[in-house]
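Two complexes, one shared chain (chain A), two partners (chain B, chain C).
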Partner chain A sequence: MLRLLWVGWVMHMKMLTRSAFNFWLGIVYPLFFATAAFFMFQSGDDPKPLLYASLGAAVMGIWGATSTAAGAALARERWTGTLELLVTAPAHFALILLPVTIAMATIGIYSMISTLVWGRLVFGIELEVGDPLAFVLAVPATVVSIGALGFLLAVAFVRFRQAWALGNMLEYPVWLVSGFLVPLTLFPDWVRPISWALAPTWGISAIRGAALGGSPYGDIALALSLGAGYTLAGILLLERALRTARVKASLSLS
Partner chain B sequence: MNVVEAVDLRRTYKTTTGTIRRRSLEVEAVRGISFAIAEGELFGLLGPNGAGKTTTIKMLITLLIPTSGEARVLGHDVVEDARWVRERIGYVFGGDRGLYERLSAMDNLRYFAELYGVEPKGQRARIDELLELVGLKGREKERVEGYSRGMRQRLHIARGLLHDPPVVFLDEPTIGVDPVGARELRATIASLTASGKTVLLTTHYMFEADALCDRIAVIANGEIVAQGTPQELKAGVADGSVVEVEVFGVEERSVERLRQLAGVRAVTVEDQEQKQLLIVQTAPGLELTHAILSQLDGASVGRVSSREPTLEDAYVALVTAA
Partner chain C sequence: MSNTAPESRVPRGARGNAGTRFRRAGRTAGQGRAALRVFFVGGRISYRALFNWISPVMYVTTMLGSPLFQILFFTYLGRYAGSRSDDFFIVGNAVQVSAMAGIYGMVMGIANERQFGTLTPLLATPANRLAVFAGRALPNIVNGLVVSSFGFAASWLLLDFSPDAASLPALAFVVVVTVVSCTALGMLIGSIGLRARDVFFAANLVYFLMLLFCGVNVDVDSLPGWMEAIGRSVPLTHGIEAARRVVEGATLGDVRGLIVTEALIGIAYAVAAYVLFRFFEAESRRRASLETF
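Entry: the complex of A and B
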């Protein structure tokens, strides 16, 4: 099982890194967000707000790559006819789908690095990490939990032909209510439960906690727990989604 | 023992039309077809585009759930035992799709070997063996995006055979491949039954079905209109004859009049640059050449000839009668 996940991840990473579209999506595109965020937070001499924005923009890149690219990747699998081949493979479909979304989230690390380097070179933002061990744990925990959320979305992408649009549609609302740039305290109370149910909320909180000072380990655990929950829900829904897709004939375009 | 069985298999698609006033439509793609394929047999499903060949194959390989009827592979129901069936079947389809373009052929095969549960220790040897079989040895490290249509098709076949399935489904595997490439592919397909595999092949190339298949089912409008060996199907029209007429500018109403002519079984029109070739199948014992020519008023007539019917004529007669 681990071997299948590993080989799937390697193959999808190879495909993504060879795509010019994903290069722009993963590296150049997030720099526009980061630049806007840096100008918004550039006030006074205190460097902390800028680092706050820098980390938020960096995680936006991971989420952006996962939500948009996972939808695009599944749509591409459908257009190129490989989705049908994946479904007719004897391996459990969750083990085929999970590496696709984890690979997307991994590509997001590129955007995280490029955002941080951009902030350092252009805006002089130093990345001073208060708790390096927690930071090293928080980043992969965020990547994996965002990948798991992408997996849950991918179940919808498999079932519905037009669901890739959902990924694009969810990109901005999720980074808004996850507190990537705007503190959650500014939102109305009814938004809070939505934020709490989203792993990116706890992921960015853990990364910021590790860098700026705080207690990130609880946030890391919450991000990973939510990620595990998404994965379990995805696996349970997947069999039903696949059966319905076989009834509705929505696995291919022909 | 029957390896593949379809019993009164039906499949309906629901579709909608219109933008503002949406109307729901039901399309019957497969209308109660039944057939059985014996072990080691190469069975052909022959029919025009839209006849229901691909829908039938997709039900048998567990991609579509039948609206009604039953289908079994190696005695197991394709709906209830889908995973069991998937472990024992290979699926190859024609055209450019179904491969990861940005990966090399080797990476494509490695990935699918993993998905199909090929033992890690034996993967390399199996991939080498298949690359040799399909003639891609030495090209396996190149990205698929640079492959020709024929090379892609051969890679498809290698992918479908990775887990050494006893049953192989080939959906129009030679479509769009150049004549030399198609001939090589047919040789590979023929070698599959020689190695004991049971093969279901869909095609709309008559000569391909004639050359490869032990038995053929002709499918039209979602129904099987004839079933038998290529010789049996040819015998169905062997008692008649075929009149071929070269014409310039024949009108559709003239062709329609020909179809109504007593003794005419089927009429097809092939466009050949500036002229058309009318192929008229007639009942035995009738000399209809004069009657045929008299219906072509206004059209210039070129060469006229008559010949014995072929499998293609049998197919045309069956499909046009459906």
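Entry: the complex of A and C
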């Protein structure tokens, strides 16, 4: 099982890194938002710490790389005619799909690095990490939990032909309510439970805690727990969706 | 004698010339009608055939959902940054999201002909090229107005955006000019799509560069000089500035200069786009590379 997860992740990493579109968009795309945020933070009445924005914008790229691509993950297999082969393989389909979405989130590390480097070179934002060990743990934990959220997204939208558009639409809301750039205290009370149910909220909190001081280990555990929860929910949903697709012979017809 | 038809008194040769003139006028009128048909009917058909996001689910998620969340995102970010009032971000983003239709729509409307393999038959027709080209803009202009209006309406509903009712006609006029101007930029990128391989990358790049350079979320005056210079030479910047001033209470007369500048920039981009379209058409014929990638 671990071998399958590893091979799946490596293979999809190779495929994603070969795409110039993904590569350049992954690097350049988050810089627009980071730069806008830096300018906005600088021009405020009470200039906010740019490192806060830099870390938030850096992690935004991980979700940005995952949301649209994960939404389209199953549709792509359907288009290339490989969905039926993967579903009928002896390995559980979840073991094939999960590393795909985690690879998508991993590609977001490009944008994370590019945003931090951009902030350093253009805006002079020094990345000082208070707890390096926690930082090193928080980044992969965030990537894996966001990848698991992408997995759930991919499975939930399995019946939609234009699932990528739904994934694309969810980009801004998750950026917003996960507190990447705006503290959760600014939102209405009803938004808080939604934020707490999102692994990126705890991921960015862990990364910020590790860099700026806080309690990162609890946040890392919460991000990973939520990631495990998404994976479990995704497997259950996937079982149901595949059973229905087999009964109705509609696997490739959605 | 007074009721004799005037043409009966003109010499034979001249009568022949008049007949030719009438025939020419008739032909011109016929061509004009054909061009108008190509403009309206062709534009509508090309929109239905080439606009990838026309299905209801795609339209709602991409053309309405994403712009709505963009407005919310930047307004909340602006609140936290404390740099400007909500109206600054709402107007900036509600006008900018019209570029979803203007940029992406136009790129699809032109470049998809090549992607879908229909460019050759299209260019084999004797249809008026200006009508073929400009007709594609009309549905996207309407679309841009819908998206922008939705952005303003959603902001009124969710973010307490409440401009003076008297300013709405002026705001609508500014938005129309800006959407047309943005569509001209989309035409230019679409024309490049007749030659470039991955024009959608360019469309994405331009759309998001607009967020930075056009004063959508940061005042253009406070940007570095080179960014301000670029921002002031592309569509959207002057339109957003005019829209903000109108919302603050300025009249159309007060922002006349900004509107005229926005319109002139749009015209310049539209002319450049058409010239490029004809150039790539001629070059593709010469090199027999119309649909090669």
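The rule we apply is simple: the second predicted complex is superposed on the first by the 236 of 254 C-alpha atoms of A that agree within 3 Å, B and C clash if a C-alpha of one lies under 4 Å from a C-alpha of the other, contacts with A are read in each partner's own complex, and residues count from 1 in each chain.
One rule holds in what follows: contacts are C-beta pairs under 8 Å (C-beta built on N, C-alpha and C of every residue); 3 or more make two chains touch, one makes a residue touch a chain.
The model shown is predicted, which means the values in this text are computed figures rather than measured ones.
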Chain B and chain C placed together on chain A: clash or fit? fit
Rounded to the nearest 10 degrees, the Cα-centre angle chain B-chain A-chain C in the superposed arrangement comes to 80
| request: Pick one for A:A36: touches chain B only (first), chain C only (second), both, or neither. | output: second
- Message: Taking the superposition on A as described, I'd like to know which of chain B and chain C A:G81 touches: first, second, both or neither.
- Response: first
- request: Look at A:A249 in the shared chain and tell me whether it touches chain B only, chain C only, both, or neither; answer first, second, both or neither.
  value: first
Practice prompt. Identify the partner contact of A:R18: answer first if only chain B is touched, second if only chain C is, both if each is, neither if none is.
Written response: first
Identify the partner contact of A:I96: answer first if only chain B is touched, second if only chain C is, both if each is, neither if none is.
first
### Query
Is A:L4 in contact with chain B, with chain C, with both, or with neither (first, second, both, neither)?
first
For chain B relative to chain C post-fit, closest CA-CA distance rounded to the angstrom comes to 9
Going through chain A, the residues touched by chain B and also by chain C turn out to be none
Within their complex, chain A touches chain B through residues 3-4, 7-8, 11, 14-15, 18-19, 79-82, 84-91, 96, 243, 246-249, 251-252, 254
Counting only contacts in the complex, chain B reaches chain A at residues 13-14, 54, 58, 61-65, 83, 86-87, 89, 91, 93, 95, 97-103, 107, 110-112, 114-117, 120, 159, 163
In their shared complex, chain A is touched by residues of chain C numbered 53, 55, 57-58, 61-62, 65-66, 69-70, 72-74, 76-83, 198, 201, 204-205, 208-209, 211-212, 216-219, 222-223
Interface with chain C, chain A side, in the complex: residues 20-21, 24-25, 28-29, 32-33, 35-37, 39-41, 43-46, 48, 160, 162, 165-166, 168-169, 171-173, 175-176, 181-183, 186-187
